Amino acid sequence: MTLGAIILLPFFGGLVALFANLIWPRTDRWVALASLVLGMAALIFVTAQGVLTGSSAAGIEGEAGRWLALHRSDWAPALGVQILLAMDGLSGVLLFLSLGLGILTVILSWNETEKSALLMAALCWTVATSNGVFLAFDLLVFAFFWELMMVPAFLMIAIWGHGTREATAIKFLIFNTIAGLGLLAAVFYLGSTSEGPVTFDAFVIAARDIDPTVQVWVLAGFALAFMVKLPVPPFHAWLPDAHTQAPTVGSILLAGLLLKTGAYGLFRFPAMLFPDGFAVLAPYGLILGAFGTIYGALVACGQTDAKRLVAYTSVAHMSVVLMGICGGVHFSMMGAGIVMVAHAFSASALFLLIGAIYDRVGTRDIRQLGGLQRNAPRFAATFALFFSATLAMPGTANFLGEALVITGMFQVNWVYASITLISLVISVVYATRLFQRVVFGASRKAEVKQDLTWRELGPILVLGTGTLFFGLLPQGLMVALDPAVNAAVGAIQAVTK
Amino acid sequence: MTLSPALILLLVPSFALAAFMVLGLYPYTLRRRQVHIIALLGGALPLLIMAPLTGLCAAGHCLGVVPIFTLTVGQSVVALALTLDPLGATIGLTVSAIGAAVLVYSITYMAATSLADLRRFFALMNLFLAAMLTMVLAGDSIVFFLGWELMGLCSYFLIAYNTTSAESITAGRKAFIMTRVADAYLLAALLLLFLHANSVRLDVLIPASATLDATMTIVIAALLLGGALGKSAQVPFHTWLPSAMAGPTPVSALLHSATMVAAGAFLLMRFAPLMQLAPAVQVAAAVLGVATAAYGAMSALFQQDVKRLLAYSSISQIGFMMLSLGVGAPEAAAAHFVMHAIFKSLLFLAAGDITHGCVEGTDLSSMRGAWTRKPVSYVAFVAGGASLAGLPMITAGWWSKEAILSAVQGFGAVGQVLWLGAVLTALLTGAYASRAIMIGLMPMRDSDMPHAGNVHRHEAPRTGTIWTNLPLMLLATGAIVAGVLVTPIMHFLGAEEPHASAFSVYVAAAAPLLGVGLALALVFVPRLSEGLRNVRAISRKARKMPRRGEGGPQSRFVRLALWLNWGMRFDGLYQVMFVRPFVKGVRWLNGYGSAPADPVGTWPMLALVWLQQKITAPLAPDWFDKLWMWGAAGVVRLWALVRRVQTGRVRDYGFAMAGGIAGLLLLVWGTP
Amino acid sequence: MIGWFPLFLGTLALVSAALAVTRPSVVHGLMWLVAALLSLAATFFALGAGFAGAVQILIYAGAILAVFVFVVMTFDASPPALARERLRLKQAARWPLLMVLALGLPLAFGLWGGAVATGLAPGGRVPVQAVGGLLFGPWAVAVEIASFLLIAALLGARHLVRRDPPTDSERPAP
Amino acid sequence: MTPADLTAADLTALAPLIVLGVAIVVSMLLAPKADAALVRYVAALGPFAAMGIAVMRLGTPSLPMPALLVDDGFARLGVALVAATGLACLIFLRPALPAREGPPLMVLATLGGAVLAMANHAATVFLGLEIITLSLLALTVLPRSNASLEAAYKLLILGAIGAAALLLGFALAYAETGDLSLRAWSGSGMLVRLGAALLLAGIAFKFSLVPFHMWTPDLFSGAPPAVAAFAGVASKVAVAVVLIRLAAAPMPEPVWSTGLAAIGVASILLGNIQALRQPSLVRMLGYSAVAHSGYVAVILASGAPLGAEAALFYLASYAPGLIAAFCVAAGMGGAPMLDDLRGLIWRSPIAGAALALALLSLAGLPASVGFLGKFYLFTALIEAEAWALLAAAAVGSALGLYFYMVFMVTLFRRDDTPRPTPQFQTADTILLLTASGMIAALGVNPNPLVNLVRLALP
Amino acid sequence: MTDTFLIGMLVLAAGLFAVGLFGVLARRAVLFQLLSLEVMLSGPSLAFVAAGARHGDPAGQGMFVLVLILAAAEVALGLALYLRMARTADVTDSDSIRDLRH
């Protein structure tokens, strides 16, 4: 049940934090922090147990050694729903990411005064629900967490956002819920057409022989939800707004976590459940991804709002992830996995930095910023690091991931490989634009006087260390992702051969 | 990773890297002296390690491949390694030596900068040095690419070092973007090789390329060539280099003489065995090389800025290296690499010292009176210039260039044509090099100095500090006598003694001398020197290539000189061909044109609006159709429409109910 | 012939009803309604449903209409008011008429083609005792429940006509 | 059989009706003189006891019943749900003190629902429907405001049209088959088919399906919120039981699958569209109630084997949300507009949170019981392979999301204009907490409710 | 009574229903609408009685009694409502009672 604790601890932590201030003032952040740290401890415990004792997943045939932990218990047997949580390396990596980012965001919003209890709760719940997404293998429970995940994010945008926050929050919700309907319909379909007792057990469904045409349609339902969350053009319209209007911690969780759930879903389920459908739809995914990576980069080149710019780079990078996954070869999928992790670090850090600038001068317009180099050298130095990460400088995890995706693309089709390479070139254009406007030059209208504080620098250093560490010593990450990649690639190749 | 003595190789870049990290990340304020010490340690220690290692290597005890650690990606094994082979030793030693010299020189040169900027400067210089050394010593394609890219990043920061100058920022960005294009080619080539050989180790990769099929060989070779051309500022990727002169002089000396721009040549030297499998690509390299060389020389001849002149000369000299590589003589190219590194860094440093603090910056006129103002630097400049011009026998440059020319002549019929081009280029080289030297001999003229700033010039010390003079003198010596090393280097790298016909040697020797004559004409024939003064005035005033007829009638000579001064207007061409369409496209995508911002994101909305306008509007009077077309009309409008159904009159409600009943009854009645 | 007579009486009721709902004066309308209800009662008698006929006369024509008549006293019966009623009916009649036709014609035609299930023997006159036996036998529960229907109406009506002011109207009149 | 013939078994089966009747009579007699609170407590005993009896008897074998009524699982579940709703509505029935008829009328309406749930015969179906209609009518006019009178008048007129259609339908079927029980509908003659159309119209009126729905939003905004809640939940549960029984008859064909499906789809679309930008909370709930009825109707029309279970679960899952929303509306003075709700969650956290949760549930988002209701809906439609209906339900859900979310966001808006704080009594608060708790708890663990519904299935 | 006559009676009953419905839809005066309701309800009454007579079944008349009870209850409530409304509004025109709409 330790797996459940990874979800429940943050959830109840958020619940307690919501009411903690009624008893002792200013305890909400301590509660939130404690619950997330405890969740992290539980995760470490589970991981260690899984690694040390080997597979504990006797219930899954033919995949011994892949699963670090498995938990199965009844939830609503009447509906055929069970609590089926499983963790392999992919889930584990993303769980670490989710809890880590949760802790970072709690620290970052330590001095928040406005409705702090609710903010802490929302942070904890975001982590809890996305942990649920990363762990659930009962498709209905997965869909349940998937939909639930939007609520805290929605709250964060709607309450602590900037500008037209309500409209943005609704846009966010509408986009994702309508897409979520596709997922729900597909899940219901899978459940209700099961022969024998109704079940949503992904492993059982994966073992089932579904008609390829049906697979295409059901997969389309799944993919819609994932691609909107990812987001891939033309489904991305919610993201720039959401990123721009959300508070800094909201942007960090959006970029670091919520986008990753879409990538995770694409990574995990299409190949596992619908290999035939995947084989049919993957070329279209590649086209979308190729379009998105160029398109996102081009639009980013023209942005004036720093956060929007970074948001569009997210679009471009997540399109690379889509390409990697749809490529369906070992290199590209591994690359997609690494880009997911790397993007979580780099985009979160950039949002953090821009948020810090915004806190100081009240604008994110890059035409008004400048002179960071002279006034705030620590700012400039960290900015330079994540600037390099954004344009995939070797040595950062971003480069490793993109290089692997490109390698895989060469195996698939050189056209896609060259498109990815072109996007690498364009990334320099937008990254230098952002960098030189913000860091270089004389101070324009908005002068940043105060350098990064230690409370800001701490999280940034953690993120920077992650970027460089996984860029230079990615072996651990690759070993963790390998079983999931192998499983997916194996399933795809079994069909295409 | 096992500990072995060979791991000492790892230390070579590590010291420079460590210096970067200390300077860049050390949180407390360092004093100026400490910054100098750290920077010098980072700059000099690699040389101290490289020198004995090279000696060992020359003695036949090369370290070879030094594995660092190994990654597994699925079935593929990625083994990271460093390597020390003769090529790496030669180039590595050169690079570390030049690096050390430049860093030493910088201490005086950068004396006026603030402490924070100084820290940044030295940190980046050290990082750059580390990156270059890493690339040179790389034993696998990943580490190679790491160093290669990191250089690009550092060059961006260094060229844009003066962050308040729009010109230097733009120049940095231009350099970064253009070299990034080349990087993309290289990355593609490396990944394709990796896929083929299933290894990243160069010692596996390059031999394995023999088993590539013909098409793939050409593709990969072409990609490598593209990468090299871009990084080495060869035509057609060369335009970033003249702009990059906006950076400080030591940066130019390091980046644009020995290291970054020559990296492309080094790349082709590394992959020479592969290139030889694709003769078509080689010929292309040779042709492009000679074209670049000629182009660079012609443009350099009419430059009015000493640094731009040197930049074009770099382009030109690396063109020679490319030519040599193209004709299958990488050893000669390596030798020229070494010589070029020595004399070009020397030229940059000397010119920098001469023009330092001048009001007109690095304009050629700042060179005037150098002989009297800065005798040491001027002598060094003359030595470097002579070597660049390739004055026969007495300069190092002549020996290496001669090796290349000999190799070209041995390249068959095509080789003869190429040789001719190369000799003509050598003539031009002699001309522009000696032109700069001659201007240094001319007295200062107050008419050239419109500002009171020339006071500064007079007050500058006649001789620099030991920190400037020592590297200048050492390099000047090298520029003259290092010619004796050309043959040993080529032997070391495994090449035969270059031999050419006596006639060709005479011709090649005569060419630079003729060039000197041409320079004399340019400087002292009144009509020509007057024309050049016109060019200077126009180009300084307009900051752009004047259109025909603009600024009064010009003689054909002036127009030609202007055209060449502006690098044959490649910049304008690229502006029209790439930059403007790109900017236009981006602006269009962001809503400056007729389209909305982020058109794809808004297309669902647009589609709805379009549908509404095109389909629903003409049918507006027809309520029945409108009901059917509700999907297009927008749901909210539908709401406004539908809510009127709820009229509030009970009779209407009853009417609706009656309608419902009637409908159901009709359904029954109408269904058999 | 038993069939024709109820049909005739029923038609009478229908015509009276049609007149009742179209008179401008509510008094005339009520008179025609009485006529319709009485014709209906006669129809019931003719159909052999004496109990129904009697109840119809007593409760409907007697009690219910008495209440109506009492309320009608409040109605404005001046000539201008009648003219207005006539005009209103004329203006509003077309669509309801069409709708009622759309509803009534399929019903009527459908009924015309319908048939009673075969095998059901035709019954005859239903004695009052049988009705009583049903209502106080098997349907006793239904009758009990029906009393609650009346209670509901009673409570509602009492609340509505009570004189005290609506102190507790928690919603302001729109 | 005469009243004297009633056996103990009959009494057991009839017990819910009996306790309700006793509660009505006693509270009605007490009403003019006694303390208002006492009247309310006495009245509340009736639904409470009825609910208890019905729940306890769930799952026990059916007892033979007097004619006209039936004692099976559907009946018990229906009675339980109706009584529970009645009890809840009694709590926040506001104009209680001067208008003392309120509590007995509410129990009366509950009785009507209970009768309907147990009905097996034209007479009882008709009586049940009309008791509900008339007592709702009487309840509606409790405030005696213009709005309430208008709503009541509309209900009266339209209710009579519906009743007449229903009766004519029964009469036609009776004419053909000579049988008044619901079995009569298994006939297939023209008379039965025409009758079925009329019957469906009558029932659709009570179920507020398009185009018989128009009284619903007006009643919701004119009547006291508790009455609207009862009309939205209890009467629908009872009617749904009748519909399930009719589906089992089975009804003659074109009317059932085509007719019911058509008006169901129309309800889903029209209801959701009409609610789209509705600024009044209660009217929005009224239109959305139409849409929810449509969902249940399409489930039943699709003929899915899961139909009965899905329909009952859907209604049960929909109940706490609607009740909570109306309870908040009652506390806000009856008909709050969108602007009145600005920042409610900051002014009155419990009410705001309860309303937010209720909207979440009505929208069918996860972690609320409404989500599982939607789950049942879609599952049933997929099972029946009714793709067109599924598409309509999906479109409706997507539309619904919009207007629920508009209200939801408004609750969280920061707002500087001073607005009145809603007034809630302790009982209201307890009710809100209970309803929210049920929404959340059943949303996370629906087993109790699923099992309850399953117990009712034959 | 033969089936044909029964059908005839049923058509008449449907006619009464239709006439009553017409009255509700066409008359604007509240009192006339209430009056029309009575007409409308008499349709099913006739149908029940006729069908009961056809089958010789007392249940038809039993249903008639229940319909009558409903009619009585509706008249009582309707008229009470009418009186209450007459104090505030012009109830000769039901179209004017339309504050609740949209």
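Chains: A, B, C, D and E, in written order; residue numbering restarts at 1 for each.
By our rule, a residue touches a chain if its C-beta (ideal position, glycine included) is under 8 Å from a C-beta of that chain, and two chains touch if they have at least 3 such contacts.
Remember, it's a predicted structure, so these values are computed and weren't measured experimentally.
Identification of common neighbours of chain B and chain E yields C, D.
On a Cα centroid basis, the chain most remote from chain D in this structure is B.
Among the inter-chain contacts, the highest number of C-beta pairs connects C-E.
Seen from the C-alpha centroid of chain A, the farthest chain centroid is that of C.
Once CA atoms are averaged chain by chain and compared with the all-protein CA average, the nearest chain turns out to be A.
Here the CA centre of chain C is 4 Å from the CA centre of chain E.
If you average the CA atoms of chain D and of chain E, the two centres end up 26 Å from each other. One inter-chain figure worth recording: chain A and chain C are separated by 69 Å, centre to centre, where each centre is the mean of the chain's CA atoms.
Separation between the centroids of chain A and chain D, computed from CA atoms only, is 43 Å.
Counting partners per residue, chain B has 643, 646, 648, 650-651, 654-655, 658-659, 661, 665, 668-669 as the residues that reach two or more other chains. Among all residues of chain E, those that touch two or more other chains are 6, 10, 13-14, 20-21, 24-26, 28, 33, 50, 52, 54-55, 57, 59-60, 62, 66, 70, 73-74, 77, 81, 84, 94, 97-101. Touching of two or more other chains is recorded for no residue of chain A. Screening every pair of chains for touch gives A-B, A-D, B-C, B-D, B-E, C-D, C-E, D-E.
Residues 643-644, 646-651, 654-655, 658 of chain B are the ones that touch chain E when the two sit in their complex. Interface residues of chain E, counted against chain B in their complex, comprise 21, 24-26, 28, 33, 94-95, 97-102.
Across the complex, chain C meets chain E through its residues 2-4, 6-7, 10-11, 13-14, 17-18, 20-22, 26, 29-30, 33, 36-37, 40, 43-44, 47-49, 51-52, 55-56, 59-60, 63-64, 67-68, 71-72, 74-76, 81, 85, 88-89, 92-93, 95-97, 99-100, 103-104, 107-108, 111-112, 114-116, 120-126, 130-131, 133-135, 139, 142, 146, 149-150, 152-154, 156-157, 160-161, 173-174.
Chain A contributes residues 233-234, 236-237, 240, 295, 298-299, 301-303, 330-331, 334, 373-374, 377, 381, 384, 388, 391, 393-395, 399, 403-404, 406-407, 410-411, 417-418, 421-422, 424-425, 428-429, 432, 436, 439-442, 474-475, 478-479, 482, 485-486 to its touches with chain B in the complex. Put simply, chain B touches chain C in their complex at residues 651, 655, 658-659, 661-662, 665-666, 668-670.
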